[in-house]
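Just so it is clear, A, B, C, D and E label the chains in written order, and each chain counts residues from 1 on its own.
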Amino acid sequence: MVSPILLIAVPLGLAFAIPVLGLASKRVPRYVPVIAMLFNLVVSVSLLPHALKAPIVVRTAGWAPPYSIHLVAGPLGVLLSSLIALIGLLVAVYGIDYIREGAKVKYQILYILMLVGATGVVLTGDIFNLFVFFEVLCISSYALVAYRGDSTGVEAGAKYLIQGAIGSGLVLIGIGLVYGTFGTLTMADIAANVSSVGSFRLFVSLAFLITGFGVEAAIFPLNGWLPDAHSSAPSSISAILSGIAIKAGLYAIARVVYTVYGASSILPFLAVLGIVTLLIGEMCAFGQEDIKRLLAFSSIGQMGLILFALALASATGISGAVFLIVSHGLAKALLFLASGYMIYRTGSRDISSLNGIGKRMPIMSLCFTVGAFSLIGLPPFVGFASKFTIVRAVLGTGSTFFITLLAIGLIGTVIEGAYFLRIVQGFYFKPAPEDSPEQTEGKVPFSALVPVGLLAVLILTIGLFPGIVGRVLGPAADDLLDRTAYVQHVMGD
Amino acid sequence: MSPQAILITAFAGAGLVFLAGKVHSHLRDFLAVLSSLALVGLIAWSHGQYGPDNEIVYVPDFLGMELALRLNPLAWFFAIYIAIINAASVVFSLSYMKGKEKLGFYYSMMLLVNAGMLGIVLSGDFLSFYIFWEIMSWSTYLLISYRRGPALHAGMKYIIMSLVGSCAMLVGILSLYAQFGTLQIAELGEAIAGSSSGYVLFILMAMGIAFGVKFAILPLHTWMPDAHSEAVSPFSAVLSGVLVRMGMYGFLLVMYSIVGLKTILNLGAGFFNFHYILSWLGAITIVIPTFIALLQNDAKKLLAWHGIGQGGYMILGMAFGTSLGVAGGIFHTINHGSYIALLFLVVGAVEYRTGGVRDLNRLGGLIQRMPVAFFGCLVGIMGLIGMPLTNGFVSKWFIYKTLITEGHPFLAFMAFVGTWGTILSVYKLLHNMFLGQLPEKYKEVRKAPISMQIPILFFCFVIFLFGVLPGIPLRAIQGIQDTMGFAPLQLTMWGLASGAGALNMLNICFAIVIAFAVVLLLMRLGAKPRRVPQEDSYAAGSSVPAGKYHHSVEFYNPLYQMISPYLKDRVDQFYYWAADKAQGVFELTRRIYTGYAGTYVLYIISFLALLIFLQLAWEIW
Amino acid sequence: MSFLSSYIHYIGCFSLILIGLYVVLVKPNLIKVIIGINLMGTGVNLFLVTVGYIHAGTAPIFSEAAQQPEGMVDPVPQALVLTAIVIGVAVLALALSLAIRVYDHYGTLDLRKIKALRW
Amino acid sequence: MTGIIQIVLSPLIAFVVGVLFLGLARKIIARVHRRYGPPIYQPVIDVVRMMSQRSISHGALFELGVVLALAGSLVTVMLIPLGGTEAFQPFAHSVLCPLSSSGGLLVVMYLMLFGPLGLALGAGASANPNASIGVSRKMLLALAYEVPFLLVILAVMSQYGSISLTEIVARQQQASWGVLSVPLSAVAAFLILPAMLGIRPFDLVTAPQEIASGPLAEYGGTCLALITVQKAIHLFVVIALFVDLFLGGGVNLATFLVKMLAVFLAVEMINAVLPRVKIEDAIKFCWKWPTALAFVQMTITVLSK
Amino acid sequence: MDRNQIAKWLKSPAKMANKYSLHAVYFCTGCGIIEIPPVITTRWDAERFGIIPVATPRQGNLFMITGYVSLKTLKAIIRTYEQMPDPKYTVGFGSCPINGGMYWDSYNTIKHLDRYIPVDGWIAGCMPRPEAVFIAITHLWTLIDKGKADGYLRYQENYAAYRRNQEMLFAELEWPPLYPCDSIAEEARK
């Protein structure tokens, strides 16, 4: 068994080696992210069977928790790190030819850093470490959003940065409060001691943490940055941001709420929040004319649904949420990647300019369609399986409150269907705009077709055989739900 | 033949045709026809092979559930009906679609819709039912949009309503799962027996919304006229003939296979009985759409509104829960499938030959140019009206008799009035397309190609066959009813044998044939008339040059002026109003994202404050 | 000890945080906002340090002057603060560079006018 | 055997009586108009004359429409019980109704469609504008009178709890006539009788002065002769139906015919004195009074059941 | 009905029926039509002879031209006549159809109707009284009996001549010849 720490160390090392490698050859740095993520993918997947048996706890510096900074590679963590590595790999392949301007070396470094940050977030067992990885993720994404240096990118980056900085400040305050209360930063240790402390003090720290992580997780009133950042970033970065980064935030919230605090009575509030986020996201997406902005708002909606499912506090619910994280990650990455080349081809991000693209870019638009169908939740694509699990979980709870929320949430699904299908319709059945410039740079290279096609195939395959992911979902849900087991594993007996 | 083989053939056909479309057009056409005919053959061959041998778990573990297929009389009946109409449409498409773009897509989607529908009827559990249902929904959506222009709007309308329906169905299905821990249709039937009537009602409502949207029961019907009139004609035939009737299948499945006859009939009290309310919905669905159809001038829209209206008869028959009524409902389903498909094909043929004209005010006199199409249209409208000798008559007779003997003359009245609305509007269809004067520009119209004539004549044959010998399909329906626990009917090959209220189609057929012969003989006795061209027509002594006037415009103008103010599609208007308002709300919601960073920060801080406030006020943790 | 004297550090650092937030909230100038963020960051860092602070404690180093851990301030927050400062510097640097690019593109630093992306 | 005799007999009776009624109608109207009037067999002469004339045809459907109409009417007759048993004691059937077990009143209602539909088809094939207008009027008028007529029929059917005409007749003979047990329906039915027969004030379908006799505009010769016969049989069918539904049918053919004659005379009196209405007014009339009456009666019937 | 009648009926029902069922197309060209209402209504009651007006020429067998015939009307008269089914009888009513009557010198009125369509009988007078109509009808019965009311046959026989006459008046007719013959226009084309 390889150590999960390699998941962080190797890519980090590779990232910082890029400038050096860049001296040797100009072409090599382009492939470094691919290599790094391929490594991560192989390691994560190979870790999966072990993690399923029992969470792997890596203690740094030879100290036992609670004194050490350690990684906890539970089923959930490894599943998510596999997802990160998978999407990271595919997007890295896509990025080889997609990134055409600017300082490519910096892009590669930041790209790896971002993914390392995300991997760290899902693997760490220490709350401050969580913050640090979070910052790695955030700062690199601020930079990547503004990577193109055009006006919208810079503007979005600046706004993202302002909100992100506030968010991380709040997280830090929360961590300070936690530390002040418990004198420890190990999540398992805190979890073990939570019940011993008066609730309001604890709640304040929880509130700070939720708000802080919520900014990155794009929960409803905290997501002002998201549409800007996701729509202005290069498409490959948008794919990562939507597919992975915001999930990391949500993971952090789930970890904090479930494992650290065990705050089950706050969950109905989160459920409401999730549904509100879902509705707001879908409603805002409905009127969008900019395809990437639309996809960004759709991400907000999906995050709401995931949050809602997480808040169900049942094994099925959390399985559904994790499943939706996977399926949304795949689908949204696919959509952003596909739209990237469509935007190159048409030279515009207007949805109307994409009309009739089905003829000019058949494979890309077919894949886009697959992704869109999956997001709406149409069988036999993976989105259906995940939404199905969520609905099943809600009805399994048998609580009127949740069922009512679900009914409202399903309206969001319908709205989502409406705008996605409108786009798909435009692709195939609307005539191309008269004055559409035929951009020669829009020729889709092989390096873009492969990841997009692979994502579509994955969506279809997992949709047909949800057991592929399904086996991991149960343990992953337990990982979140079962606090005592977590504490036991980390702290040792 | 196992249901799995049928489904594999269906889906493989769809895939192969798409690939073949990339290779060669003839190969594509050949494959499409071959696979749709092969399906008919396979299903026909599997007749009677019911029982445990044909219950197959094809995915043992889909998120912890089994996906199963099974074949039983109900499934087989609907499967053959789907396959036949689809095959006819595919054959019809050969010449109708010739030279159009994206044919590979078109054919594969036709077959995919077909496969989805077969999947629905063959699925042995609700999860696969839902999956196939959705596959059918989105492939239908793509096919409706195929024609572009206004079709896009129709497609959107369809898919949005369909999504609403599927959400409701998903809730219903999963509620069943949560309640009983299984989705196997066979097991659910036993499991649900003990549950409260409130729960059963909830399930029926949730499912009913989905089925009602597909079935176009009145408040949920608004997608149908647009979708039908905008789809290409062969697909309209499938859409109106079978796809919409999947709702019927769903109702039958849920109401009688699962919930069970006794529970259904005792659901609610007095006037507010479930099946009674459903019947009233059915009755309203008959009357209003039929009269709206009367006002239409677009041939396909007219037929589409009839598709809705005829659905009301099926609901009426089915909701009553008597042997006769349910038999009538099911029989009417296939009958409607046969003649509405026929009529859509005829309109398609006319459209094909006249260059896409469907406006009834611009056609006329085509009987001289397209006799086969005319014959098809005549038979079709006779079926739609329910003239004796056609199958539509028998099923309507069943339904009427149920209504009268069950003591619901008001429902019967609505059904009858609907029939009269039908007569008026379909005669207008026939008259304005085929009768009256032939406009000059259609003088050169040729008759429909052979690949169009074959399906048309086939359906004509079916209509008459089932009309004269209704025992053929009714035997099969009897088989279905046996599985649902209905008392058997006293069927004969030619109708119903039960005393004074019997029906003997063969007698009527003989009587009509003899009367026909006698009258023809009388005709021969008289002087033989002289054939004159249509210009030689009485016009108060003047000779009106051909093409100078055309009179089939605004056929029912007096009535139109009287009733059109009352027959607006208010539901549709309401939906549009609601959609408009919703978009307004969406636009307002978007304004949350002001673009000013300070606002966003304010949101963050307010959120934090809200959390703490909530804790202080209500102790949420 | 009075309330004030025992909580004066907390009051101080939270005032700093609030001032920072106020600036971010109210000032439309991007540079001022960045300053606000930094103020807030400073406040947070101070807060973290304060958490581990013991009145009249010594540095957490086992030296001759201080042999007992009881009298030492908690070292962990200090380590945290070090990290946080580093992060803060990174953010600040990025923010300022973004501010420059924003000014290049928009010719202003007034966030109220930099609203190309909205709705 | 008796069945075959009945099958031959009942259309024959319908033909003879119907044609005579046509002649009688002309005679009655003439007398009301203080004219002498044609001989009562004048329609026979007309039919023979038309048969001898060599008219035109606008295609096969032009003639087939007529055949369809007449055949439909002939079959309809076979479904209607023409009086009871006594006069036909040798026959096994108790009622002169050859197709009594073939669907009952519902089939009658549909078979009555053949007439209008056949004529409409033929007229449509003639490509004459007047014919089209006439057909349109015919359809609208049918819609107008069918609404009350359906209510009437349904009231009768629910009153006697059967869809079979023979049964309805039998029960009327046992108990009270329809005109007594469902009186408002009877009135409504009588009010729409002229519309069903297409006579004044509802002769707007074949209005000769306005639309050159509408659907018949292009018909002459044999076809017109058959149409006249069809008209006669239709007249017979409608009046027989009225007698069966409300006047208890007949104990035997003779009483049946007498009742028919009574109804017919009453209707012809209306025909003789009233002018023609517009189609809009016809619809309004039919949907107002007869419908209201029939509706009230049906409600009463349903509630009292 | 005497025995003689019955024998006639049995011998040739068609002829007898035609005789007693004269369905008339009154072509109301001029003042003559004013005498027709009394004929068909209460005072004289033509219906007792089986004579009723019909709406279209398709249904009739008696064609009565009741007044002067202008050029324009003549076209309609020819058309109407040709649309009537055989056998059909034409009666000119009043002096105008016979020789132009008081319009004898009008440039726009034809003088001899029987040059354009065959006429089986004339009712002279300006105006003829209703009684004259009945006299004409009884005369027509005799002609039918004797087989002399054969206008429609003559029209068929001499169609070429009639058509020529018609076309001389109207240069070109809008409808094709009723019976096969070469019209002037076609001849000219040859």
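Keep this in mind: contacts are C-beta pairs under 8 Å (C-beta built on N, C-alpha and C of every residue); 3 or more make two chains touch, one makes a residue touch a chain.
The model shown is predicted, which means the values in this text are computed figures rather than measured ones.
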Distance in touch steps, counted as few as possible, from chain B out to chain D: 1
If a chain touches chain A and chain E alike, it appears here: B
Innermost chain by mean C-alpha position: B
Chain pair whose interface holds the most contacting C-beta pairs: B-D
Intercentroid distance (Cα basis), chain D paired with chain C, Å: 99
Inter-centroid spacing, chain C versus chain B (mean Cα positions, whole Å): 68
Centroid spacing, where centroids are CA-atom means, of chain D and chain E in whole angstrom: 36
Interchain centroid distance [CA atoms averaged], chain A/chain D, Å: 78
Where chain B touches two or more other chains, by residue: 536, 538, 540, 590, 593, 595, 597, 601
Residue numbers of chain D (touch at least two other chains): 50-56, 130, 212, 217-218, 221
Shared-contact residues (touching 2 or more other chains) in chain E: 56-58, 83
Complete list of chain pairs which touch one another: A-B, A-C, B-C, B-D, B-E, D-E
Interfacial residue positions of chain E with respect to chain B in the complex: 27, 56-58, 75-77, 79-80, 83, 173-175
Partner chain B, residues of chain A touching it in the complex: 158-159, 162-163, 166-167, 170, 199-200, 202-204, 206-208, 210-211, 214-215, 221-222, 224-225, 227-228, 263, 265-266, 269, 280, 283-284, 286-287, 373, 376, 378-380, 384-385, 388-389, 391-392, 394-396, 398, 403, 406-407, 410, 413-415, 417-418, 421-422, 425, 428-431, 465-467, 470
Complex contact set, residues of chain D against chain E: 26, 30, 33-39, 42, 45-46, 48-56, 130, 208-209, 212-213, 216-221, 224
Complex interface listing, chain E residues touching chain D: 13-14, 16-18, 20-21, 23, 41-42, 45, 47-50, 53-61, 83-87
Interfacial residue positions of chain B with respect to chain A in the complex: 59, 61-64, 102, 105, 127, 130-131, 134-135, 137-138, 141-142, 145-146, 148, 151-152, 155-156, 159-160, 163-164, 167, 170-171, 174-175, 177-178, 583, 585-587, 589-590, 592-593, 595, 597, 599-601, 603-604, 606-608, 611-612, 614-615, 620-621
